[in-house]
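Both of the next two complexes hold chain A, though its partner changes from chain B to chain C.
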Partner chain A sequence: MSKTLKYVFLSFWTLFVFVPLSWALTTSFKTPDAVNQGATFIPWVQFEPTVAGWQDILGISGYANLIPNMVNSAIVTFFASLISVSLGGFAAYGLSRFRYGWKYYGNSDIIFFFIAQRILPPVVLAIPFFLLLKGLNLLDTHLGLILVLTSGLMPIVVWLMVDFFNQIPREIDEMAMLEGCNPFQAFRRTILPLSKPGIAISAIFCVIFGWNDLFFSLVLTFTNVKTLPAAVVALNGTVTPFWTLSASAIFSILPLIGFVFIVERYLAKGGFSGAVR
Partner chain B sequence: MGITFYKRLFLLPGLLLLIAVIIFPLLFSIRVSMSSWNVSRSGLDFVGGSNWARMFSDADFWSSMLRLLNFAVLTTFVQYVLGFMLALYIWQGVKGGRFFRLVWLVPLMTTPSIMAIVWRSIFREDIGAANGILKMLGLSTIGWSTEVVPAIFTIYVAEIWQWTPFMFLFLLAGLLILPKEPLLAAEIDGASPSRIFWKITFPLMAPISIGAILIRLIESSKIFDSIFVLTSAGPGSATETPTYFLWKRSLAEFQIAYGATLALTYLIVMIILLTIIAKVLTYLARPRGW
Partner chain C sequence: MNLYLENAGVSQGKEVILEGITYDFEPGRIYVLMGRTSAGKTSLMRTIAGLIELTQGKMLFDGKDFDALPTWQRNTSMVYQQFINYPNLTVLENVTFPLRRSGMSRALAEETAHKLIDKVGLGDFLDRLPGKLSGGQQQRVAIARALIRNANVLLLDEPLMNLDYKLREQLREEFRDLLTTARNSVTIYATTEPSEALLIGDELIIMHEGKVIQHGKPSAVFEHPNSVTVAKIVNDPPMSILPAKISDGMLCIGDLLRLRIPMHLVGIPDGVYQAGFRASELTISTDGEVTEQGVVDLVEVAGSETLIYVNTPTGEIVIQKEGIHGYHVGEKLGVSIPSARTFLFNPSGELVVAPGN
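Let's look at the complex of A and B:
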């Protein structure tokens, strides 16, 4: 009985996960008639598929071209994640191995400072960041957006990696230092190879949150560096029809859905254990 | 070179970059909140605490806070229960576990603002899938964007769809590192599965659960993208959260000074509330005798 119930629940949830995605996928191949006559679900049976929606967003029909936006998203996400993982990883290692302090403040306060950045919603920072980047001549540049995103991503890395490094016995790097390595060499030769799972998890979360950012791109970029979410939401604000919007939605989430197949084994295995302890 | 040099070499680049990026916005907001910067006059004059006084008596702001409390607590709770159930099933082993695990992670990889567009097309009254299915089942259709409760429901559904995988992933990782001995011992003693869960698994998972719940409370409180795209805070202001309220005041109406005041208030309230919630949860999950 409870076993049946279990599989009913599992199937129901799996169906729920599929529904919005399959709806968007089928809608992206619909003709205007097929969309406007009411909800249809099954291609070839209920409607005849067409690629018009896809031609609209790939610059073939001259309506919109999202490919440059995808390139922007990829550049910005990649570099913001790279900076966050390396600087955040170093900081986390330092916080795990050394004692920092200033008056009454210690390591846990510094960690809290990092994590507190996540409490700030982007909208709070929009105007100051706008003025800051304007002053630095970085509005609508990749570098400007990368710097801003890094401030949101680095806290994730610090939070995940401090506990991860704490789990690696101190004896390992102490041994390396006894054999003549300086702390940096000890980190690079002994700790770094052991922390690959932790680094993978941090990088995955940086990529997800970096790719998903809508707000900063909406406010801090205009034409040159518009990322994919901002471009698609802009399409959504105009009279863009649903088949085109659905194609653009599928187009923008495809890269990361492809990404899940590559990283799933890292996500589901021990690499995460540092974070949850 | 001494140990102090390396100590600083590790921490300072990241910490300084973060401080450099964040210090200006923070100080700027504090200063601006004491000015009268708005759409008709820009610049930093000094009006003292008048924005702060206005904030305290701004009923719309505080009702958006209450709405957020309801939203954050409810969606986090549902995500926690669903995520825990899914994680338990995978942990105990089900047929096709690898397939389920992969599929369940997919929503986490999708972009909230883009999914909001998809949800909007699903909940369109005339040609959307939701009403289409209701019609097929012979039920009456629902005004998803014009009625208060359905509009709130759409936001909740989008949030739960998107972030339950996060809970699932986190709790599964927690289950995988649980010590095996207490569970085996209880099984040998012949304890029932539900007893094992409530007396052993659940208490052992408490610290991990608290971490996961706090993260989701922090992140879901920032909800903006899906409200912006899906309901524009409507109907009326039924789905208006503080971040949307803030956006409207500061970026749509350009009340820069008042927006900064609201932003700082939000930050202070969140830090206080989260500290209290963390303390309460930790107290509730304290080890007790069986």
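Let's look at the complex of A and C:
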């Protein structure tokens, strides 16, 4: 592919991704008149911006307040991701370095068993999870939703991290143990610093999936722990104006964009050049 | 502070990896393990390091059960064939890592490391990451890391194997000096190269199929290999082994060549034997000599030497000739057999007699 063609394609793709986002962003600052004028993108030139939509969702105008829902989402996503990445990371390290199994079944079968849980559509799990949380008195609690989300996120972490750990030469662990580290210290002092890109990717996946979860939040939480996606959906599209809906959409993805920008720097780091030649 | 192995063995399923190894390693001496690939050299080292579990026999260090200790409590150091370093740590951090793990303060660890890093010639690269160093420099970092702490056992598993020829020669020269740093350690050095064994080793241990088949002073093993297998291992290029017969005061090589029996074979009973000749002691014949006739099968130039592989009716003969020579594949040659340098083995491969020095 020639360079020019490549840039044409990339420019087209950038527009494809960026236009809907910028449309939503500009709509969130528009008045009803400006919205009815069609696709306009440049504030103060094409339309006069207003923060009315944002006031609607931040509890200033009294229409709705999505901040408590964002806090709920942050709590649930943070802890579900933290548990998934930590425990899933350990599980992946074990599956990468040690042999488990019974008869003909080994590590690859265990890894498949983990990821196979993702094959089930969430709706199949809704009733069992509902009854389980009800029995444990965890319906409409942060902990209940964290546990349910963790069960879905951890397989992704295990699947991603096993592959990542497999790329780190085993000799590094052996060397650390020869130099006085027990297996846990070898993991913490040598493997973990080398795993930053893998952890970053896993964390990004967990946070995106956790943050955007709508289904379990709708089924397993009601009033106390309503998360942001559930709250945005609850802003009924027939009665809530476009600009307020646009503001709520932008509001709900802002933390994700911020998180990805922070974590993205770790993706470039790492590499095992100089580990084994 | 001896490392003592008694009838040590390792099996994985039905596969026997090490078998019946009994040996007493003393500190301050360099033990060279030699053997072909898969002879068990690396497995023995990994067993001593605790990376492979001993399944038979005992391993004692200073009279105490060494096998009961996990790897991280054995205080062993190892340099691998591949150059293994922590890729995220600088040269200085790599070398201080073992000292910091043992609880030494950063200042003292760095001071100790500086001296050793200077000794291995990396004083100007303290802040470099291993990935930014050449292969030889990376292996020097690994060697410095292994030498930095006074390990009970220092294991070097073919540390020069992956280096280029020139660098290997250079580091081989330096090794003897570097290893004096570890004079309180039991030092075990694995190699496939006889020249390394002769240059570095105080003791030579020959391994084959997971067993120790001969040990002793390197020169003694080299001069008196107790079997055809050892003779092939300690000679590079390998010794040429030809079928032989002693009868009526004559040494017959194959069916065609009859030589007067040399002094060192006088008194050996008549019978069927195998005769071994070192490549460096075989020569291309000049006119009038009694020779074994053959056809050149392969010509290799190694450094400043030429190796000529000659197919004869009796068997393949390898000749090592100083200098670079232009022999061609298919060329007919006569090989002069130096009967006075015959290693005589019985049909089952055990040494009967070796030539004198």
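Quick notes
We take it that the second predicted complex is superposed on the first by the 236 of 277 C-alpha atoms of A that agree within 3 Å, B and C clash if a C-alpha of one lies under 4 Å from a C-alpha of the other, contacts with A are read in each partner's own complex, and residues count from 1 in each chain.
Throughout what follows, a residue touches a chain if its C-beta (ideal position, glycine included) is under 8 Å from a C-beta of that chain, and two chains touch if they have at least 3 such contacts.
Since we're looking at a predicted model, the values are computed, not measured.
In the superposition on chain A, A:Thr77 contacts neither chain B nor chain C. In the superposition on chain A, A:Met175 makes contact with chain C only, while chain B stays out of contact range.
Touch criterion met: A:Asn36 reaches chain B, while chain C stays clear of it. In the superposed model, A:Asn69 makes contact with neither chain B nor chain C. Residue contacts after overlaying the shared chain place A:Thr244 against neither chain B nor chain C. Residue contacts after overlaying the shared chain place A:Val219 against chain B, while chain C stays out of touching range. Within the superposed three-chain arrangement, the count of touched residues of chain A is higher for B, of the candidates chain B and chain C.
Comparing which residues of chain A touch chain B with which touch chain C, the overlap comprises 182, 270, 272-273, 275-277. The touching residues of chain A, counted against chain C in their complex, run 169, 171-172, 174-175, 177-182, 185-186, 189-190, 193-194, 270-277.
Chain contact summary for the complex, chain B toward chain A: residues 1, 3, 6-7, 9-11, 13-15, 17-18, 21-22, 24-26, 28-29, 82, 85-86, 89, 94, 100-115, 117-122, 124, 126-129, 131-133, 135, 161, 169-170, 172-174, 176-177, 207-208, 211-212, 218-219, 221-222, 224-225, 228-229, 243, 246-247, 250-251, 256, 259-260, 263, 266-267, 270-271, 274. Within the complex formed with chain A, the chain C residues making contact are 49-51, 70-72, 74-78, 80, 82-88, 97-98, 101-102, 129-133, 135, 138, 145, 149, 162. Looking at the complex, you find that chain A touches chain B at residues 6-7, 9-10, 13-14, 16-21, 23-24, 27, 35-41, 83, 87-88, 90-91, 93-95, 97-98, 100, 110, 113-114, 116-129, 131-132, 147-148, 150-151, 154-155, 158, 182-184, 187, 208, 211-212, 214-215, 219, 228-229, 232-233, 236, 242, 245-246, 248-249, 252-253, 256-257, 259-261, 264, 267-270, 272-273, 275-277.
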